[in-house]
Amino acid sequence: MVMLALEGVTKVYQVGAFGRRKLTAVSEVSFDVGEGEVIALIGESGSGKSTIGRMVLRLASPSGGRILFGGKDITGIREHDYRREVQGVFQDPFSSFNPIFRADRVLHMIREGFFPRLNNAQWMSKVEAALESVSLDPAQVLGRYPHQLSGGQMQRMLIARALLLDIRLLVADELISMLDASTRIDVLNLLADLKQRGLGILFITHDLSLGHYLSDRTVILRRGEVVETGPTTEVFAAPSHAYTRLMLESVPRLHQKWESK
Amino acid sequence: MHRYFGRKTLIYLLTFIVAVTLNWLIPRFMPGDPVLRMLTRTSVSNPEAIAPMREYYERVFGLDVPLWQQYVNYWVQLLKGNMGVSVWLFPTPVTEVITRAVPYTLALLIPAILLSWIAGNKVGALAARRKWLDNTVLPVGYVLTATPYMWLGILLAWSLGIVGGIFPVAGGYSFELRPEWSLAFVGNLFSHWFLPFLSLFLVAFGGWAIGMRNLIIYELEADYANYLETLGAPRSLIRRYAFRNALLPQLTGLALQLGVLVAGALVTEIVFAYPGLGYLILSAIQNQDFFLLQGTFLFVVIGVLLANFVIDVIYVIVDPRVRVGMQGAS
Amino acid sequence: MSAVSLQVDNLRVYYRTTRGDVKALDGVTFEVADREIMGLAGESGCGKSTLAKSLIRYDGRMRHVSGKALLDGLSLPGGRYTKVSLIPQYAMSAMNPTVKIGRLIADLVRAHGWSYRELLPELVRRLELVGLSADVLNNYPIELSGGMKQRAVMVLSTLLNPSLLIADEVTSALDVTNQRAVAETLVQFRDRGFVTSMIVVTHDISLVYQIADTILVMYAGKLAEKAPAEVLVNAPKHPYTRLLISSLPEVGVRHATRKLTGIPGRPPHLLNPPTGCRFRDRCPLAYDRCAEEPPFTEVEPGHFVACWKAMSEGSPGENQEACAAERSGGTPW
Amino acid sequence: MREQFYFAFRNRKVVGGLSVILGLLVLGLVAPLFADYGPNEYVGPPAAPPSGEFLFGTTTFGQDVFLQFTTGLRSTFLVGVLGGGIAALIGMTIGFVAGYRGGLLDEVLNMLTNVVLVLPALAVLIILHAYLGIKSIPAQALFIGAFSWPWVARAVRAQTLSLRSREFVDLARLSGMGTMRIIRREIAPNMSSYLLLTFILLFGGAVLFAATLDFIGLGPTESVSLGLMMNNAVHWSALHLGLWWWFVPPGLGITAIVGALYVTNVGLDEVFNPRLREM
Amino acid sequence: PGDGGQQAAPAGAGGYPRNETLYTSGTQWGPPSSWNPVIPGGVTGTVGLIYETLFLYDPNKLAMTPWLAEKGEWTGDKVYTLTIREGVTWGDGKPFTAEDVKYTLELGKIKAVPYSNLWTWLASAEVTDPKTVKFTFSDVRYQEWDNFLYENAIVPKHIWSTRSEADITTTKNEKPVGTGPYEYLTHDQDRSVYKKKASWWATKALKLEVKPTYIVDIVNSSNEVAMGLLLQGKMDLSNNFLPGVANLVKGSFNIKTYYPEPPYMLSANVAMLIPNTTKAPMNDAAFRRALAHSIDTKKIVEGVYGKLVKQADPTGLLPVWEKYIDKAAVSALGFTFDTAKAKSMLTAAGYTDKNGDGFVEAPNGSAIKLSLIVPAGWTDWMEAIRVISSGAQAAGINIVPEFPDSGALDDARTAGNFDLLINNWTEMSNTPWTFYNYLFQLPVQEKQFNANFERYTNDSAWALVQKLSRTPTDKPEFQTTLAELQKIHLTELPAIPLWFNGLWSQVNDSVWTNWPSSAPDAPKHLPTTWNNFWERGAIYMLCDLKPVSK
């Protein structure tokens, strides 16, 4: 069942003084995300992945096309209501936390915005449940400062933050690219668990192997345009677009050396 | 490039318009009647004579037409280079009063600005290199920048002028001389110029030295410095680069500081009774000569704008980053 | 790979901090042979950059505690640029923004007593080799794109044919396609003799595997394992290396078919690292001997490892087979 | 935070600077309380040099220079705090809003900033003072503040621009926070050390500004200030009559306060900026 | 001559020989800007050194001295006949004629000329022969006419008549051609320089010769600059107010003042406390008198001015008019500082402290809080009103000193929006009439420009002032009218005389000697360069000077 659908979404940035120059970051992008489905949005730097993510999160508005959520144009949904169901986690765990506050502030912000009426005990039990669902020990992470947490812990906490709401779609923008190889896989596995619980995920990455590991379907983006899309296994097994092939050839693999050009 | 200068010009133009309007506006909504002031100040002894004179001079100063027309006239006249007639020094045109004073102010300001900038930067750069120099330059620099211009002026006038008797403490040149191109006269000009110059120079110098020292230290932490270091480049090369790069923010700093320096020059002139713009401004205030005050204000604004513009041009010449940014490349 | 080029012997370098010394490099001993490209891998914070830096230059906070590093008999740090050179991680900002690239190179080589004019033909040749025209010498760094800058820096760093080149995370900020180009250029530089040997620092084992002859894995300020690339990837002996490799998602591995697992726990803090094997707390194979520090010993020719278990096993044991079995679960393509 | 306090109290510049500032502040607050006459009253012999009775001597009228000095310190601190505070408030508001909101508003505010930036502040203040006749220190501070904010706005804008793209801001938006709340609760606290440094510089600037205005006789007329003391000293020929005790203390006071502020600023910069600590 | 003078470079390398040059200052407060004698604001000496007047006024003899005029007399009820002096030539060699006199007076028909009101009471001026001008009046104002005769310079018709009306009132007249002893040589922003003319009519006619070849008048930038120059001997005569100069006179700096002891200076004008008599309680003479008793003028004289000024006579009449003062009236009606008396006077008039705040309230119970204003920056006056306020407060009158900007103060004074202020626009002149004209002028208008700032309405006093103007000085009536005016002033006190401002003058006698002073054998002329004082005899000072022989 289609949950989120992008229809010919375009984003043009005005750059330079008085916006005299135009930069098309995203151009006529269409794809959809189903309930409990992981869509990998893969592309190189500057290809417009984050811009799409931000538009889906309504942190930026499209200059053209529509984004539908549950069949409704998202601009028609109250922002507050929308955010209950769609949340995001970003690339850089270190800059996702305001370094001067305790890390759990990100959780309490949700309370202010969405659950002002819960009393402390109710709230705490909710928080603990969310933390446990991302396999964090509440006692270990609550009340700590961001620099006292590991990258993986931080990202988990951010996911827990999203889970405090009854979200249906999570936009994960490069959420593991800053993590160490060993921690990265744990977060990735966590996302896979969430998917199993019915959460739709828009998984944004430049790392083909990560996209491949997790996603059901893949969208390959290049300079703001979709060059290839399809079920992940198919895209990776038989890339139809030259660009996809080039990327795949360039990926360094263990146990298999690059073929010399 | 065009866009960059277009934008800058727009800002300067806007500033100019704001300044002119402010200038025009303020005296018209403030207490005090300039004409009356002029008449009463010059002790016209007969009360009955005042009313007709007042009427007459209102016309002379163009104060008898509606406000909007005064505003338009003001611009028209201004663009013709006419800033009106001084009330205090009636009937001398304001421009004439100003042109007489300007050479003195420029003679103070330009060398003080340039020399302090150059010397401050050099010494600051040296200080960043040597611990002992740093330990002297830094405190001295802080004391100097923190010194109010007039106080340093007062101290210099008192110590080197009045007590020491080495330099004269007032005026542009001695009263027994007439301007001419002789060694004696130029020497005399110089000796009168020296102390006001020195006080301006010293205060500004402190600021630049500290600025440069701190900037160099930042620059030496920059990636490129680190890289050069890694490649075994000699300290002197790295310092040369750091110095060069630090000069750029210092140049911006110069543009930002212009207003302050001009202000410093004004008060210094007052301390040393140096016959420049500062002294004119003070007199214009004391004598409520709005026209002269407006004129000097505009003059200062135009001067600062022009200097800013020159700095912009220099900046573009020396900093490739601005140029490239302007072309919209990158 | 004949003569030894770089010899590092029990090198200890600490960082001074207010809370005590951070033991970022705590007694490392290894060699890099002539014409060897050695990959240096490990988790973030394990001391890779510290090792790289201490071969070139100590910064204000680094403290040499013991040991030495010799490059062709020259004691390091020393011979910067002519003997040891570095391609920095921050290639984008490595060049003075206000000086033309040609001028920068000229200043730099002259400072080392070379004539820019004489070097110019070679410089142009090398620029062309990496796909840059000689015009870039007349450009300011800002006028080049990120990739161009990276390549210009590579040429600049190796212009004087240093014996040892250290490339610190040169590819991590690049896209896959550029990453490959840069990595291959590094190999070319070695092949053409621009540099004698090379240390490629990276946290990406699969990348380093593509270009390196040998790979050295560090853990918490110490060496864990060094072996020829092929061996290290296919038959690692140190449990840490094994776990690390098995946690790497690869194109071909899918969660649905094979769930990878991470290494539990976090690396120890280097202010007060535990005694004995530093991986002990996270190691599934740890036993009482591990309380004693394992030496970094050669268990097979060219294969060094610091693990009691690995040493006692001597040859690939059952663990190795288990790993191989797991791998076969991946999609074969 | 605690670490910063630790470094602040170990930093010689911070400790030295703060001691001078606090010392003078306490002097200004306390010393006038012990005088049973006003700073403008003729209480001693005219033009007496410093003595046990009149620590800093007396003016030509026989006013107590020490009392004037200490009373003047109060004005100096007041004008510094108020003027610096107002400039900080304006500059930060404009900087935050321009940097965070961006777009047309940013263009307009930026233009405004640039215009005020190139206007020579002292010249503007002089004409404003000349026409309006500033009477009280708060009024003077207001005017000083109103013209010394642009560089703050610029700097804060630049910082906000970079903070705005930090992900915690996005996260705050995702959590339903409004613009002003984000600026107040997410962005500003992150810059607090920077804002403190800015305020210190503005404080010093305002003190110098006020002294300059007072000196040319455009200061608040109904109070005692250090600038006014210098003005009076010069006006009553203290230089020629050799009454150095009349014009040295006020200038020294200003220099000490402003210098100490600058030094504290650098010290704090070192505290907040670990990179500089080693120097 | 202007040009010729400029070309004739002085001896010495670009300078002026010190022993032939007189350095002065104290009059010119801004860059020299006008040498036009017709409009106010001319450079020091424009009238006096370059242009001259028909008469001088001699404050020692209280009499007019013919100058460009040989004589002038009332030849009819309303007719004044003036004979001009022979042998006077303009700087360009043309002779000075009766036509010049007529022409100059008729300039007054231009509205912008300060003496335009002359023609409201002067009917005609006729040249009856080349030496004689006959003036016919519609209203004879003897005092005002005398005043006119010695204060206004005559200009050469042959030059000025070529100028348009607008030119005449706006020209800077950069090449002044006059009859006086000096010609204009050059100027810069901070100085103007005069050179002695080769011949001056008075040398032959009156045996007078000005001694300095050059006069360099230095523009005041501030008093302390003047003090510095004076101390260094680089200035001979400073007509600035130099606070603290008393110390220097006592020291060995070659610095002298007119009197070697307090008050050091001659008196030039009277500073008065002006109450706004249209407001309560200042409209009550009893209150004003009580206020007068509360002021410690001595403290002002000594504390603020360091005894450089003199306490004013209660009548406000300057020392030159000493002989007109009605001593009996002063002892009966005068006031002195006496806080207790001020208090009792207040009580007697119904002003008592009803609410116990330490200050009196008006008889109707309303609180009194008055502000006393002087311009910000006028430090001596600022100090003075602090003394006045504290004195008044001690007597129970709540007066607070305030220092508005001088423009705001001008407005307040002109429009009558003030409680109390200080003003001193009453200068030494040929007649006390100017003083009473200043004091009592009627009608009080919406704007009072330069007289009767207290807005005091007293028709009989004003009638007396007008009568005074129409009375020749030598008539006994003159004295009696004056006495009546003094009585009215002392009983009503519409303005409270405080102190006599000095005719600030300090000389350094290391180059020039024989300065006017109170010493028995010294000249007694006014030692000043102030505008309008040359005609009050200061010109003689230049003739009396002697260079110190080397």
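We call the chains A, B, C, D and E, going by the order they appear; numbering starts again at 1 in every chain.
As a convention for this text, a contact is a pair of C-beta atoms (placed from the backbone, for glycine too) under 8 Å apart; a residue touches a chain by one contact, two chains touch by 3 or more.
Keep in mind the model is a prediction, meaning the values are calculated, not measured.
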item: Lowest number of touching-chain links that must be crossed from subunit B to subunit C; value: 1
item: A-D against A-C, pair bridged by the larger set of C-beta contacts; value: A-C
item: Most widely separated chain from subunit C, with each centre as the mean of CA atoms; value: E
item: Subunit A and subunit E, separation of their C-alpha mean positions in angstrom; value: 89
item: Chain centre separation in whole Å, for subunit D relative to subunit B (CA means); value: 22
item: Rounded Å distance between subunit D and subunit E, as computed from the means of their C-alpha atoms; value: 46
item: Centre-of-Cα separation between subunit D and subunit C, whole angstrom; value: 52
item: Junction residues of subunit D - those touching two or more other chains; value: 130-133, 217, 234, 239-240
item: Touching two or more other chains - residues of subunit E; value: 222, 228, 377, 405, 407-408
item: Partner subunit D, residues of subunit E touching it in the complex; value: 222-224, 227-228, 231, 242-244, 247, 299, 303-304, 306, 376-377, 379, 382-383, 386, 402-405, 407-408
item: Subunit E-facing residues of subunit D, complex; value: 40, 42, 46-47, 60-62, 130-133, 135, 217, 221-222, 232, 234-237, 239-241
item: Subunit B to subunit E touching residues, read off their complex; value: 30-33, 36-57, 60, 85-86, 88-92, 97, 100-101, 104, 162, 169-172, 174-180, 182, 184-185, 273, 275, 279, 283, 286-288
item: Complex contacts: residues of subunit B adjacent to subunit D; value: 10-12, 14-15, 18-19, 22-23, 26-27, 30-31, 142-143, 145-152, 154-155, 157-158, 162, 169, 214, 217, 221, 255-256, 258-260, 262-263, 266-267, 270-271, 281-282, 284-286, 293-294, 296-297, 300-301, 304-305, 308
item: Residues on subunit C engaged by subunit B in the complex (per definition of touch); value: 56-57, 79-82, 85-86, 88, 90, 93-99, 107-108, 111-112, 140, 142-143, 153, 156-157
